[in-house]
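Below, each structure is written out as structure tokens.
Consider the two complexes below, in which chain A is the common component and chain B and chain C are the respective partners.
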Partner chain A sequence: MDLESVVKALNLKVRSGEDKLKKEVLGGYTGDLLSDVMANSKEGDLWITRQVHQNIVAVASLKEHAGIVLVQDSEPAKDTLEKAIKEGIPILVSELSGFEVTARLFNLIKKTA
Partner chain B sequence: MLRAFRCDLHVHTCLSPCADLDMYPRAVVEKAIAENLDIIAICDHNASENMQFVLRLAEGKPLTVLPGIEITSSEEVHLLALFDTLTDLKKIQDIIYSHLSGTNREEVFGCQAIVNDQDEVEGFNERFLLGATKLPLLEIIHYVHECGGLAIACHIDRESFSVISQLGFIDPDTPFDALEVTRHTGIQGARVKYAELARYPFLVSSDAHFIKDIGQGVTTIFLEGGTIAELKMAFDHQGGRYVQE
Partner chain C sequence: MDEKPLYDGSFSVAGGNFDNAGEVASNIKTILKKIGLPSDLVRKAALVAYESEINIVSYARKGMIRLRVVSDCITIEAIDEGQGIPDIELAMQPGWSTANQKIREMGFGAGMGLCNIKSFSDIFHISSEVGKGTHLKMIINTNSNSMQ
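Moving on, here comes the complex of A and B:
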């Protein structure tokens, strides 16, 4: 399933990486501790987090994530957004909680698998 | 004259909910002297109401106490801020309180006792001191510097509340004055483990929450006196001042 379909299905607001929505979402990872995300997430994951610090862009880029979903309507910090635009990392915003976004994404991916 | 100062720059008092009640100001000062420490910094979580009493008790004693505070950023990173005076500390304290919400639940998080220099309980801090402020880390560092303080990343080798656990890595442009590690890692261990952070000075401190822990993490620093300016010179290797590794 590509990122664009996830954006539509979960009604996500696109804050950066509009031209990267054709990326394939292979899985998901939920976490706010960047050390944990760096250690355990995988390439192609859509990363679900509440953390808005600019290091999230570096982690998503390093791990080759499909994109980042910020939950609870959290907006990326200014420098985070600038970095994400520069590096072409999709940052998406959901008004839902991490629990709900995770559950919905899991069901979406399972359905198409 | 330049000499070696034994420093433990991260010590709590009973104001921190996670610290032992026996960490009242007099006990902290007496233990610091008994451990032959030259400089300690008192750093309670997001608060500083015991500071004036610790300072008063250290007057005329062979111990310098630096007013400090351990601030929790919005990313839940712990940062030490150290100052020369209570006035400087008060400026950052006001900023912290205006960005910290919630009320402490003593039965869950612990007691936040304000104890004076006569060992009397003056009251309790009602705020949720273990909570995170709404201030991003970089903004806090900026405020600390603006108030004339030093900003030190806490226990970067720990798995909780450290800049590395929360934010994955340290961007070498982050203007920390120093990075703190636990005695288990030590400065030499940190130089190996964090080779990419070579530009920063490292410190070991106790992060004492119990009296017995004071002085269990010590850094020897060569200084002419116990001031922020002297520490900064040592961190920058200026005027013969340095941190012993």
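Moving on, here comes the complex of A and C:
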């Protein structure tokens, strides 16, 4: 399933990486501890987090995530957004909690697997 | 023994500046990709470099990360000038961290960095002197029969 379909299904607001929405979402990973995400998430994952500072862009870029979903209507910090635009990392915002976004994404991916 | 390295270079890392944290790891990843190493090895090395870089940013005044690639292994060294680690055994325990509140709020300082570095390397060596600094040396084997 591509990122655009996930954006539509979960009603996500796109804050950066509009031109990267054709990327395939292979899975998901939920976490706010950057070392945990670095060690355990996979390429093509959609990373669900509450962290909004610019270091999330470096992690998503290094791990080649499909994108980052910020939960609870959290907006990316200004420098986070600038970095994400520069590096072509999609940042998406959801009004839902991390728990709900994770559950919905899991069901969505499972359905199409 | 005297094989010409595919890459040999160092990158300086400033302590305390989180703005560009991850940039050295990103450079290292790009270099390794360009060399044409398999992506699983590139990912391992990127993680090792990233955690090393974050440690320097979080705890040291300054430091450098050296990358050396020869045909059968990638060597990453992180050498810093800083507070050092008084008890390495304790520092290697998962979850142990001396990170301050600011670092923790950003999602760093979970006490996982050194453990991750160790588990993603084939050879891991750490030495430290209190008040002077810390030296990490990691080797990732690139020959196809390497384990992990």
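Keep this in mind: the second predicted complex is superposed on the first by the 113 of 113 C-alpha atoms of A that agree within 3 Å, B and C clash if a C-alpha of one lies under 4 Å from a C-alpha of the other, contacts with A are read in each partner's own complex, and residues count from 1 in each chain.
As a working rule, a residue touches a chain if its C-beta (ideal position, glycine included) is under 8 Å from a C-beta of that chain, and two chains touch if they have at least 3 such contacts.
Note that the coordinates shown come from a computational prediction; the quantities given were computed from them, not determined experimentally.
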Side-by-side fit of chain B and chain C on chain A, or clash: clash
Chain B versus chain C as contact partner of A:Ser74, first or second or both or neither: neither
Touched partner set for A:Gln51, first chain B, second chain C, both or neither: both
Chain C versus chain B, contacts on chain A by residue: C
Touched partner set for A:Val59, first chain B, second chain C, both or neither: both
Chain B versus chain C as contact partner of A:Ser35, first or second or both or neither: both
Contacts on chain A seen with chain B and repeated with chain C across the two complexes: 32-35, 38, 51, 53-55, 58-59
Chain B residues within the chain A interface of the complex: 75, 136-137, 159, 164-169, 171
List of chain C residues in touch with chain A within their complex: 18-19, 21-23, 25-26, 29, 39, 43, 46-47, 50-51, 54, 106-108, 110, 112-113, 116, 119-120
Residue numbers on chain A that touch chain B, as the complex places them: 32-35, 37-38, 51, 53-55, 58-59, 77
Interfacial residue positions of chain A with respect to chain C in the complex: 32-36, 38-39, 43, 49, 51, 53-55, 58-59, 61-63, 79
